[in-house]
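Working notes for the structure below.
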Amino acid sequence: MASKKFLYVNRKAPHGSIYALESLEVVLIGAAFEQEVTLAFIDDGVYQLLKNQDSSAIGSKNFSPTYRALGDYDVNQIYVERESLELRGLTKEDLMPLTWEDEDDDWAEKDSIHVVSSAELAEVIEQQDVLLNF
Amino acid sequence: MKFSIMVNEGPYTHQASDSAYHFTAAALKAGHEIVRVFFYHDGVNNGTRLSIPPQDDRNVCTRWSELGQQHELELILCVAAAQRRGLLDEDEAKRAGKNSDNIAPGFEISGLGQLIDAGIQADRLVVFGD
Amino acid sequence: MTVLHIINKSPYERNSLDTCLRLARPDSAILLIEDGVYAVRAGSSASATLQQALEKHPVYALQPDLQARGVPTESLIDGIKVVDYDGFVELTTEYEKTQSWL
Amino acid sequence: MASKKFLYVNRKAPHGSIYALESLEVVLIGAAFEQEVTLAFIDDGVYQLLKNQDSSAIGSKNFSPTYRALGDYDVNQIYVERESLELRGLTKEDLMPLTWEDEDDDWAEKDSIHVVSSAELAEVIEQQDVLLNF
Amino acid sequence: MKFSIMVNEGPYTHQASDSAYHFTAAALKAGHEIVRVFFYHDGVNNGTRLSIPPQDDRNVCTRWSELGQQHELELILCVAAAQRRGLLDEDEAKRAGKNSDNIAPGFEISGLGQLIDAGIQADRLVVFGD
Amino acid sequence: MTVLHIINKSPYERNSLDTCLRLARPDSAILLIEDGVYAVRAGSSASATLQQALEKHPVYALQPDLQARGVPTESLIDGIKVVDYDGFVELTTEYEKTQSWL
């Protein structure tokens, strides 16, 4: 079966609704399918990657640490739209560091997060075969 | 003070039910009276006894049942909203010729009039939704 | 009658905060809960709106929702008061009714 | 039992979601309770009152004619925010005519819809005892 | 052409399920193949057999069942999403010690892998949601 | 690959149309469905945004959703094409993939 390029488009804030958590569940399952996987975080979706999230006081599942495991699942193409960050007064430093180890480069630790312009993200979208929207 | 609570969204999907739960628990702790918790729109989905959340997550539905039994709360699901969405008690299931029902202990199905009455009886009606 | 206005939506996603400010009278207060708390960050594009709100109304944000979302207390615009669920209940008793801008 | 003033605040467009329809169901039931009832239409809620809605082609319940029955249920205080109309390029002429018959004025037919400014609507909100939000 | 359809919201509350239904019916009418209809998030609530809508309204859940049986469609409810929200088939109900189940004929509960597979198998995946 | 962008939200309620226009490339089309069709009315504050869209993209609106909402065809901004569900299906075959801005 030919490999397809899957893009997960995340546009919703976490905690207020379940879309972020259930999107992450698809990504983790999907990682087993040997397709090319890319994640995009746009609009309020960028809030999913904020540091220091701790949902213990609202009693819901604390899924924020799971993003850091994505690298181990070979999910390391993570695009964040710069315009969305800027509008919200955020920079890359406000996001969790997400990294992966490059097998082909002596397991060097590399950054999974690419902060890109709208124009660059539009190209990423263009290259995909399947778009899943959350 | 007397509070009524309206919950407009189902379990897990939106935070509304969680926020309403924490608010209700805090109001009870502060010694306030809860006239009624009224579940409307998708809020009726909080009243299912068939939910099986992951073990590392809270059980939204059971938690309402337990708070209700502990404090003798009226937990009312709107009948029209519930029927549309497939939430039935034993009587209604029988009447509609359905072979099963799914509402959880402590929840009751009743009419929309209970919402208006909740607004009349309480000093404050607080609405949680999407 | 005084009103406690409750905002549970991100200011970047919905117009509830703008509509609330258009319709809130001076003797009313604003409480940010759930995704509404994203409005509090100084230096964001919503901060101008919130500054405006603070000139007319007491503005509160729910601590458990700030914490869940990783919004640090030190990033808050000056003047916003932080409450927990007990404080939320207290606010609803201090104001004569609540308006949830769903 | 003391009579209370109920305000139904409608801010969501019809058809895309059920809130408008289920709000109307509360209003109709509530009309039997002898409380003072007022309806407010703000933001996308103003779309609920547009003329010529016909949901037959999407197969959902065509509840739009029900608004015209509100007068018969003594629901005749209907406030529409002017700013919300204007932003959407609408005027009162785009809305269904909603009327009631005034028993105290020889059953004269009167207009139920009041298009008001934000400031006037703020006063209407101020006067209420219970606010129900849809 | 081969289509897969994803439905992310429950019956009645959002139009997503209606739009997805009309789209699927139109695609079938045009001679296209539907690989699978995958119900996720609150979309799983479309799979209940306990819904009793008012007589003057469409029956969203039954309509999916019927379209499915007519065209031998795969109507898949995501198991994780379904368990959270209280949608169970007989096997799962038994396994979890629940005394009733509620899924409608024609619907099947399966894993999230079926969504990825739907994306792989189909020429087009169309998503309907809120 | 060409994209059919699907917008199902009112431009007054959500930012999906704006975000779509920021990220849609010239060879892609826009289809308005559900509450997305409220954007089509000439003389509304969304019409400037839609005019902009029309300069770069074919824009379609779903007839059954227009009809349900009482949006008259004669109120439509010039250049918007109206399709039914059959046309919706056809559009999804003409473009290589769909992006639903939920």
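Which chain is which? They are A, B, C, D, E and F, in the order written, and residues in each are numbered from 1.
Convention: a contact is a pair of C-beta atoms (placed from the backbone, for glycine too) under 8 Å apart; a residue touches a chain by one contact, two chains touch by 3 or more.
Only a predicted model underlies this, so the values are computations on that prediction, with no experimental measurement involved.
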*Which chains are shared contacts of chain B and chain D?*
C, E
*In how few steps can one go from chain B to chain F if every step must land on a touching chain?*
2
*May I ask which two chains are joined by the most contacting C-beta pairs?*
B-E
_Fraction-based call for chain E against chain B, same above half, different below_ = same
_Using only Cα atoms, superpose chain A on chain D and state the rotation angle in degrees, rounded to the nearest 5._
180
_Quick check: how many Å separate the C-alpha centres of chain A and chain B?_
35
*List the centre-to-centre spacing of chain D and chain F in whole Å, with centres computed as mean CA coordinates.*
29
_Rounded to a whole Å, what is the gap between the Cα centroids of chain B and chain E?_
25
*Could you list the positions in chain B whose residues touch two or more of the other chains?*
12-13, 15, 19, 22, 41, 54, 57, 80, 125, 127, 129-130
*Do you know which chain D residues sit against two or more other chains?*
15-16, 18, 43, 58, 60, 130-131, 133
*Find every residue in chain F that makes contact with two or more other chains and list them.*
8, 12-13, 15, 34-35, 64, 97-98, 100, 102
*Using the touch rule from the top of the page, what pairs of chains touch, sorted by label?*
A-B, A-C, A-E, A-F, B-C, B-D, B-E, C-D, C-F, D-E, D-F, E-F
*asked:* For the complex, give me every residue of chain D touching chain E.
replied: 15-18, 58-61
_For the chain F and chain C complex, residues of the former touching the latter_ = 12-15
*Residues of chain C that touch chain D when the two form their complex*: 1, 3, 15, 19, 22-25, 97-102
*asked:* Looking at the complex, which residues from chain D come into contact with chain B?
replied: 1, 4, 6, 18-19, 22, 25-26, 29-30, 32-33, 35, 130-133
*asked:* Going by the contact rule set out above, which residues of chain C touch chain A in the complex?
replied: 8-10, 12-13, 34-35, 38, 41-47, 63-65, 67-72, 84
